[in-house]
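In what follows, chain A forms one complex with chain B and a second complex with chain C.
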Partner chain A sequence: MPRPPGKTVVVSIFLLALFYLTALFAPFVAPYDYTEQNRAFPHCPPSSVRINQPTRWGESLLYTHPLKLADPMTRRYEEDSGVRIPIRLLYDGHLFTTAADAPRFFLLGTDDLGRDLFSRIVYGGRISLSIGIVGVLISFSIGTVLGSIAGYSGGWVDNLMMRLVEVIMSLPSFYFLLALASIIPPNLAPGTTFLLIVVIMSFIRWAGFARIIRGMVASLREREYVAAARALGAPRWLVLARHVIPGTFSYSITSATLSIPSFILGESALSVLGLGIQEPGASWGNLLATARNVQYLVNYPWILTPGLFIFLTIISFNFLGDYLLERFNPRSVVR
Partner chain B sequence: MRRVVCYAIVALVLGGCSSSPEPPKARPQRLTTANISDPKTFNPITSIDQSSAAAVGDLFEGLVRTNPLTTEQEPFLAEKWEFNKDGTEWTFHLRRDVKWHDGQPFTAADVVFTFDVIFDDRVANSLKHVLLVDGQRIKVDAIDDYTVRFTLPRPFAPLINAIGAGILPKHILGASLKDGSFAQKWGIDTPPEQLVGTGPFQMTRYVPAQFLEYKRNANYWMKDDAGKELPYLETKIQLIVPDQDTMYLKFVSGQTDWHAPRPEEVAELRTKAEQLNINVQETGLDTGSTFVAFNRNPAHYVRDGKRDPRLVWFTDKRFLRAIAHAIDKQSMIVNCLNGYGKPAIAEVSPENKLYHNPNLTDYPYDLDKAKALLDEAGYKDRNNDGVREDPEGNPLEFSLTTNAGNQVREKMCSILKEDWTKLGIRVNYRPLDFQTLVEKVNSNFDWDAILIGFTGTIEPNNSANFLRSSGNLHFWQPSQAEPATPWEAEIDQLLDQGSRELDPQKRRQFYWRIQEILHEELPVLLTVRDQRFLAYKRYIANVRPTAWGLYREELLRISE
Partner chain C sequence: MLAYLVRRLLQMIPLLIGITLLSFLVINLAPGDFFSQLRMNPAVSPDLIRELERQFGYGDPLLLRYLKWLWRVVHLDLGMSLAYRVNVADLIAMRAGNTVILALASMLVTWTLAIPMGILVALRPNSALDRTLSFAAFFWMSLPSFFFAFLLMYLALRTGWFPIGGTVSVTYDSLGIWGKIGDRVQHLVLPMIVLGTGGLATLMRLMRANILDLKEADFVRTARAKGLPERSVFGKHILRNALNPFVTLAGAELGDLLGGAALVEAVMNLQGLGTMMLDAVRALDTYLVIGSVLIGSLLLLVGNLLADVALTVVDPRIDFTRLESKS
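For the complex of A and B:
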């Protein structure tokens, strides 16, 4: 009887669902275009949200005061409390926003070019959250197919494939990533660049996974039910697909969940080094890269918020992975 | 029992307080600075990076040195000099009181040796190209022990600004030049005491990735106005830190005595000036220039006999002018430089008082005007997809790059990209790491548009390699066999004339005209120059920073 999920797991699932939904409906959730530069508002702090007592129908419930850059050198802003800018909810196709010609409302402040950080985080989530899923799908499909072929066939096929896996595993992965990322031609669309980065990352990661699958398959094929299927004359592919590979799923699912974070972190690392998603495209990694400066950290702490999102996502995936591991494979958990 | 303990504690605390404060110790005559990377070599001739140059900067001295206040050359190891009427023979009279760190006398033989090294084919160095006159070497002869004559094939005005290279000891390195091992001499594994120069300091220790340590040269030749021996400082320490942030933190925590802050650090340091006991002083604008250049090299565009349309746009003055109106310099200053900077108009920095051309007017930021210019030149959006097409129907699309890791330039590129996108141009922006970038610019010419900078020098002819159409740093189309355009031919000619004219006032007309041509033809589109600062502890006396470096650094002293 599996243990019901604990509170942490429920919270993790809820957070992940929230993040993925936000990313999916990014144009609706984000109040502004994520590349829109409000150059008069560099490093603007988060705007204040104030509650209005509506006096007539249709009046906005929330409002903010406009900010003005009083000193570009210290980035000091002054709030003009005499003017109210209504924050409109469910307006113009956005969850909340201000009128097109009104001053902007910056929920999480802005970056150095005056771009709304909240909008950038919401759009950046599309990259950061999907890189893990896409990457895991690619690397695990390659890993499962090659690993099970090697494990099931044995002999020289197995030998050859495992030597290939060893070669790939022995590549210093981070430097290899750097080298590959630097040869991406500059004139590719951001979407293509993104896909290439995922493919590059998956290319390295499938190897270790293939090795484990191969081991599992090599042991599974000796089971009686597999022998029975073979004796009944089932073709090889059918035995493999129907009876052997499903046996590895408990491992794949947990392992996939646990390796999503490494893709997210890998993308962040590449972005921090300037090789991941390029400006003005946003990913949590490259948003965080702009916070790589003591001055910014001290004076504009809000630019660290993308880090919080990375942290929450990764820890949620880890909790979820742990839970799945326990559920699918209770014997492996030492208590 | 507990009470006894309490008393004991009280007594201890009071005792700690009542002990009379020690008399304040005199601050040691020690200056600590920081630099970002390790030196690559201690050989001042073959070094090409800033850290290597900084590591041995206090060890070696040239015949003359620049007075950064006047940007003129002043006597240094040479106490005076004269030249003949047509400027082809320069005679330098050396100081007689100069000794090498090992006690040997400094003589004309060392000067001749140093220039032999610079002109030697086996020694790759960056000084060579500024000293070659039409490809020929300058003849350097010792007349006697303390007189050196430079004989030139033709009048060559840049000479005096180009001979400040540190003089090397012949008695130590002479043999290595003969056997061809000079270029490998004085690597970073050399014991510091073997690095013999004439300068105010001697290196005593180098711990890689940690610090460089120097001690005062007790036999230094220079005296202060009162006849007291220089330098005043006993020790200098240069810490090696991993990055700018560490540099800043070390300064704020008092571990270093000075710091050249980045724009975003200036305001903070100014507000903390009292508390940190520092002065934050403006030193001047960037002496170099940061600009956007478009690749005009046919080698990049002609493929399979077909000419890529980008070559046509990038050599079209109307296109370039439209782009020039779409560079938001004011925002670059506010957003990228925290307000500390000025728009760059002329290629030579205003800090170069003599050669900066002040008569140019900027292309104001005006996207509507830029759009009108593009329309007029026939770049119109014919299929309403938001991207303009040239008259042949090719969509305006090109890539833009800069060196990755330089946050200011990356931000500037984001601003450029957004504005150019508004004009109806598809810009593919991707920063590249510096090595890849250099390779693209210098060897395979595989780039469209680039945001990059050059450092500035006082001698305008030192950028000849960049300005001359045959120069290998002429980077919109390097190493041309024949000037590709009439204006490039004119620049070549002006450079020749400028290097022959010895009167500075007449000479500068040629360089002013070059800046005018660059401003008109726009092979490079200048962006902004940042305001530089120096922050230093108030106990350091005689700090006089300028855009070109410290004035009379040997006078630095720790006061109190």
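For the complex of A and C:
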């Protein structure tokens, strides 16, 4: 009997579902547009959220006090506790927001241009969260096709492909990733940059995967049911597609889940270094890029929150992958 | 042994050619080249640019340029950096030391923590300690290194316990020999923690799994049956065998660490191969980029080879013929 998923796995699935839904419905969840600049509020700290008590009918449940830039040199803000700004829930097509003419409310503070960090994180999730899925789909498709062709045919095809795989696997991957990232022109649309980054990372990652699939296919090929299918006169592609490749799926699914984090990390790392997604586009990595400025880091620590989202996503995928590993390949894990 | 080493070293040559050719093609796919920026600069005359292009062989077709580069490499000349106008080899030699020190120090951190921790949890599987440490392992494994670096830098800036950025202080030259070493160590602590804890979780889990597997092995039961004290059963039979895979891993570890070090260097602003590579990529300094890629892959391949050789020393059952049939 497989072990039922533990608490950590359930929490992980819940968190991932929450993050992906948030990214999907970003315009609804984010209170403001992610490019909206509030030049009067550079590096504004997170606003306080207060509960209206007792709530009277017709008043909003939550409110905040407006912040005022008290000292532009040190970017010190002061709260004007005399004024209440209502935070409206399910208002104007947003989950929560303030009225269009009211002062802004910054749940997680703002960046150097006064853009709402929370809205940028919500929109940035669209890139950071989909890069893992798209990257895994591309690299695993290439890996499965090439790996199974190599494993099934053997001979010089196999030899040639495995030499290529060896070259790619011996590359110092991060250095090569940097070199590859240099071919992305800086003035592309964020969507195109995103695609290029995925393709580049998939190009590096498919190799290791193809090698394992090749090994599995080479052993599956000798099984009796495959020999039977061949003897019955099934064409080569049918034998591969119907009988051999499905045998690798339990490995692929597990390994795909465990590979998603490396794609997310790859994009974030490039973006942190300024080589990935470019402004004004947002990804969790490029939101963190401003933290490389030591002055910003020490004075405005809330700019680090995107990193927390990266961390939570990755730990969730790791817990989920570990569970799948135990479930599908019980022999590889020791009690 | 010698024949084996020679064969392994010869196998590296086509691999390195493949790697550098790939990198060379990639960097030349980039829009524009190093001279694009110079052309925008009205203070630089077109004649000078043409002269520079000729000097660096930019007039030749791509493949010919690569072959010329390769020919020079065979003569132990990595060419000139376009941006610095210095020998690439000198530049790399200047920076590689810092990166290698960082990678080795991190490896030391990882191993001295991972092995005892793995043993500790394997002694009492599924105890509270095991579960706590396993959870903590997942935690560290999932913490992105650049994020961890930012957190530590924030902490260091707030408390002033450790210096930020660079590998030495401004006053480095005026320090005595011990002061110099102390200064370097102080600058090394934070990046070493960031990089060293990254691989910690994986190794700890591996150690735990190895020991648990071996605890039930036949030869361990035999050792117990013939009345060996538990201490020598554990030390001589279980531990000795559980450590073997780590020797092989060390080679692969080194590769990961060199890549990881590049990222940590860039984020924490240390002078190493990583930061140099980043600048070179940004400036499209072709020869510096492939020079670094070449040295990086060479370090990786040699690391793997050394690990395989070390394995035969640690485990006399493995000999070179078996190593070769494995690959």
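The rule is short, and it goes like this: the second predicted complex is superposed on the first by the 324 of 335 C-alpha atoms of A that agree within 3 Å, B and C clash if a C-alpha of one lies under 4 Å from a C-alpha of the other, contacts with A are read in each partner's own complex, and residues count from 1 in each chain.
To be clear about the criterion, contacts are C-beta pairs under 8 Å (C-beta built on N, C-alpha and C of every residue); 3 or more make two chains touch, one makes a residue touch a chain.
Predicted model only: the values in this text are computed from it and were never measured.
S.K.: Clash or fit: chain B and chain C on chain A?
M.R.: Taken together on chain A, chain C would clash with chain B, as the superposition shows.
S.K.: For A:L265 in the superposed arrangement: first (chain B), second (chain C), both or neither?
M.R.: second
S.K.: Classify the contacts of A:V49 with the two partner chains as first (chain B alone), second (chain C alone), both, or neither.
M.R.: The answer is neither, since A:V49 touches no partner chain.
S.K.: Report for A:S170: first if it touches chain B alone, second if chain C alone, otherwise both or neither.
M.R.: It touches chain C, and chain B stays clear.
S.K.: Chain B or chain C: which reaches more residues on chain A?
M.R.: C
S.K.: State whether A:V157 touches chain B only (first), chain C only (second), both chains, or neither.
M.R.: Touch status of A:V157: no partner.
S.K.: Between chain B (first) and chain C (second), which does A:G114 come into contact with in this model arrangement: first, second, both, or neither?
M.R.: In the superposition, A:G114 touches chain B alone.
S.K.: For A:A227, decide between first (touching chain B), second (touching chain C), both and neither.
M.R.: In the superposed model, A:A227 contacts neither chain B nor chain C.
S.K.: Just chain B (first), just chain C (second), both, or neither: which does A:N318 touch?
M.R.: The second partner, chain C, only.
S.K.: With both complexes superposed on chain A, which partner does A:S182 reach: first (chain B), second (chain C), both or neither?
M.R.: Both chain B and chain C are touched by A:S182.
S.K.: Just chain B (first), just chain C (second), both, or neither: which does A:Q37 touch?
M.R.: first
S.K.: If both complexes are laid over each other on chain A, which piece of chain B (237-245, 291-299, 417-425 or 453-461) hits chain C?
M.R.: 237-245
S.K.: For chain A, what residues appear in both contact lists, the one with chain B and the one with chain C?
M.R.: 182, 273, 275, 294, 298
S.K.: Using the touch rule from the top, collect the residues of chain A that touch chain C in their complex.
M.R.: Against chain C, chain A makes touches at 8, 163, 166-167, 170-176, 178-183, 185, 261, 265, 268-269, 272-273, 275, 288, 291-292, 294, 297-298, 301, 304, 307-308, 310-311, 314-315, 318-319, 322, 333-335.
S.K.: Where on chain B is chain A touching in the complex?
M.R.: Interface residues on chain B, with respect to chain A: 245, 248-249, 262, 264-268, 271, 328, 331, 334-336, 338-340, 397-399, 401, 404-405, 407, 410-411, 413-415, 417-418, 428-433, 436.
S.K.: Can you name the residues of chain A that touch chain B in the complex?
M.R.: Going by the criterion above, the answer is residues 35, 37, 39-40, 42, 69, 71-75, 112-114, 182, 184, 186-189, 273-275, 278-280, 290, 293-296, 298-299.
S.K.: So in the complex, the part of chain C that touches chain A is made up of which residues?
M.R.: Going through chain C, the ones touching chain A are 14-15, 18-19, 22-23, 26-27, 29-31, 125-126, 135, 138-139, 141-144, 146-147, 150-151, 153-154, 157-158, 164-165, 208-209, 212-213, 255, 258-260, 262-263, 266-267, 269, 274, 277-278, 281-282, 284, 289, 292-293, 296-297, 299-301.
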